[in-house]
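Pasting in a structure now, in structure tokens, and then I'll have a few things to ask.
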């Protein structure tokens, strides 16, 4: 170290750091005085760093005097120490120290020996690991991700004790500088896929990243499509299973949801419970889910088409009954269905935000007033209430919640088409939808694999779930054959 | 302008989408429909007037969530349309009917006797020409005046069309009074093939009443009830005669219908009631030098469940039983055939059979049918016995 | 890239297209109960003609019809003939649409103006065409099971109720087989229209020729089977008089009095066939434009094509009577010009050119 190097380091480093941070109330600056020499300055944000770890280290330092003797950096129980001599950093010291402190590290400045030590005592406020509320299952693990990315990584690592498990760290978001991790199994994920994912993540230019949806909207294949081309999960077992199939995962600090890609249409009907229960019941439930999808999307529009355009489809007895119900109802069937669908959406939204205390009362209001009373007042006919309730319930059968929103959007479009042109309109809408699905790609994988580009071995897990000995263990069937851009 | 091309194109698309607001041309709410359950046709040949009766269901007359209907609520209303042709009559209906006609669920077409005698070709053309009409509904002929049939209620079934439909179904399955081929499309096919066909005829008993309370509060089911007792014989789209109920049984038996029939005939001097069912019928044509011989083989299964007069105890008795039935039925069939030959009706479709085998040509089909010799071979077998092995003497 | 099976299915559905709606009544009227043999016979002839096309495409590997035209005949002449084909495909597309709207207006939806049907179908077809040949073929493969299974299920159900072998017996004694084999009612339409699929030929991964032959064969057998079912279910007398026999057959099916009147569903399902035919034709027309003029953006041409075809659809024929007359008298000749005459001329030119080139090469080598 020569005298010339010293002028890289501003003499009033501490004050500059304080000013950069804006004199926050949680900034702690401790002066550590040893027996001889100038004192050490120890700085940290007490909301981000674990004070106990800092104290523990300082005590060790004082008792054993290691720092004084210039001993090599050691890994401590609570954190690790990274030592950086002043001469080796050619950059903005202030900026570097501020970044480190914002991450939760404790900075010890030793101007005497011209080095800075970073003590990693990161421990931000965190919640307990609990089962995610939107992905509950009966049989299987009940752990879920939390907002701390380190905890999430440990949950994944404990399921995949595989040296090939890779995590690539990136910082995305100019203002928030959120840590984003790209996870994959190197021996299973295709190289093209990983490169493509990396390229897309690195190309993101945004101000803030607070949730996985922010990343999803930059990374997805097609923006203007009701179908999601990435799925998200809050369960570490699901993430591990998908990584084992050769997919990539994106974990975001501050959000429990992780993104998974590529995904096909049929995987939205898979729930982890399919694999934790036996094969026969899993196949049955999967069929129920597929039928629920078609019910949720098509039933209201088919009802409108049948009752306003093609009444001959309705059996005679039912037609007489429905005809009687419609006597005296002021609105056309299309309008009734739309009205009830919108009311159902309102009830659902209100149910999400409502405080638990009045939840019970409001659901009674919803059921009795809006259902029964409206029918008896002659505003709507009783069949509509049944149709809308069936639709509403089947909407939530699909395991991935974001797919439910897709169903809702599709349902409204089909209702409008059916009201416009009956079954012909529904046909045109279906063909349009099919044409859209057939050309949609998720990270290069066609969305309807293995049905549309037919991949025979993929059929073992789409409409049926064959028992585990017959399944393709690495599940890489369609991934291996896809060309990535 | 070029810079804002995307905006302008979006505006253009939105304007084009306003076509959706024109409100759908074919949309029809259910309460604007007149659900027709029964259609009646009457043609007056002298004055050349066609009258069409549409029996429209009153939707509020069935039990729904709005409550059960009142006792005086008429379940159907019959409307009448008059015109010089069917098309005209169809247009004229809207002078009295307040809803759009919806015939897709009608259950029968009833034709008056004089219309049947005048010829049904126009009706057939009209029905097939209409895009939404089906020809798969039964065609019936009314023995009573059509006005009476169309304007009266029936006991037990609130909708007269239900009464007709259910009854035809029961008769078809359980008896030989009605067969399967009584629909309008079968009529068309038979007429086009120049063969003959028989359709059920509706008569009425008691006094017809158009008042629902009369019908529903009267214990006597004979009053105001419709009744299937005869069959109308058609040739070349015209009705040429009728068959009694008993003759209908033999006709349908020879057609190959699988219904059952109860028949009382003397066996061993005593009249015995037997129940028989056709198992198989085969028609064979034998070429012989003078004229072709048509042999009709009939296999029957006998059931002694109704034979309260006599139950065979031994095998010999059973054989005697079967032989007697063989003979009896053969005689009946023979007399039926003679009757048809006398009236010049080829109801057994002998002509068609000969044509199939190349023994006749379309020109001489009638004479060939008349000249052919027909022999019946009946083989009855006792199958199921009743609940008693021995009757009370 | 389209797989072989996808191409076969595409050809099959293309050929079935409007055939089920338009030509059945006239055919049964002409040939009575032997009507089901005619598609097989005409299908054989269609196969022979398709061999001509396959030879042509094999002589120019990797090129579509428009490109071959430009290559074999010079660019101006080739472009002119390609434009002829463009108008041919557009007019068939308009025809197909008018047939479809005739059917819809005549049966299920009577008051809707024809243009609404045309434009709705065209919008969806243009969207699919914009996705490329692969999207089109995959869509076809996806919807085919949903198309065939309900239709055949309903037909077979009708057969259990309504079948009568006697309907196949001759009404009059045999007129002889010559009348049958002299009947080319189905040759021009639909078998000659398959020239439109040569626009997709280069995009098929492996052995497109075999796929084409299989496709035409499958379609001929399908049409024949459906005709067979119709004759067995409705009989010659009715089928030769009804405008839409398929519709009537399906109308009369009823399952236990609960599922009744399924004709709306089945008609709408059969409309998918018409959609696929329309799609292929629009693709052919659009691709000709692309390959001739190589524009940078697609959507203006698709929009213009929509407008052109919807105008053609409304004006292409006045009524069913005119349509029937044209089909009976002029159609075979008209379609044979595009389907047989021009391609054989092309093939001949190709062979002559190749022979000339080979001779020239030989002379050059000898000359050295």
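The first chain written gets the first letter, and so on, giving A, B and C; residue counts start at 1 in each chain.
Quick note on the criterion: contacts are C-beta pairs under 8 Å (C-beta built on N, C-alpha and C of every residue); 3 or more make two chains touch, one makes a residue touch a chain.
Source: prediction; values computed, not measured.
**Q** Name the chain with the Cα centroid closest to the overall protein Cα centroid.
**A** Answer for the innermost chain: C.
**Q** Which pair, B-C or A-B, has more C-beta contacts?
**A** The comparison resolves to A-B.
**Q** Using mean C-alpha positions as chain centres, tell me how far chain A is from chain C in Å, no decimals.
**A** A distance of 48 Å separates the two centres.
**Q** Nearest whole angstrom, what separates the Cα centre of chain B from the Cα centre of chain C?
**A** The mean C-alpha positions of chain B and chain C differ by 43 Å.
**Q** If you average the Cα atoms of chain A and of chain B to get two centres, how far apart are those centres in Å?
**A** Those two chain centres are 66 Å apart.
**Q** For chain C, give me the residues that contact two or more of the other chains.
**A** Within chain C, residues 109, 112, 116, 260-261 contact more than one other chain.
**Q** Which positions in chain B touch two or more other chains at once?
**A** 24, 26, 104-105, 132 - these are the residues of chain B that touch more than one other chain.
**Q** Counting only residues that touch at least 2 other chains, which ones in chain A make the list?
**A** 309, 312, 316, 421-422
**Q** In the complex, go through chain C and note every residue touching chain A.
**A** Against chain A, the touching part of chain C is residues 104, 108-109, 112, 116-117, 120-121, 123-124, 127-128, 131-132, 134-135, 138-139, 141-143, 257-265, 268, 271-272, 275.
**Q** Residues of chain C touching chain B in their complex?
**A** 106-107, 109-113, 116, 166, 169, 171-173, 234-235, 237-238, 241-242, 248, 251-252, 254, 260-261
**Q** Could you please specify the touching residues of chain B with respect to chain C in the complex?
**A** Per the stated touch rule, the residues are 19, 24-26, 104-105, 128, 131-132, 134-136, 185, 188-189, 192-193, 356, 358, 361-362.
**Q** Spell out the part of chain A that touches chain C in their complex, as residue ranges.
**A** Those in contact with chain C are residues 309-310, 312-313, 315-316, 421-428, 431-432, 434-436, 438-439, 446, 448, 451-454.
**Q** Provide the residue numbers of chain A that touch chain B in the complex, in ascending order.
**A** Its residues touching chain B are 307-309, 311-312, 316, 319-327, 329, 332-333, 375, 382, 416, 419-422.
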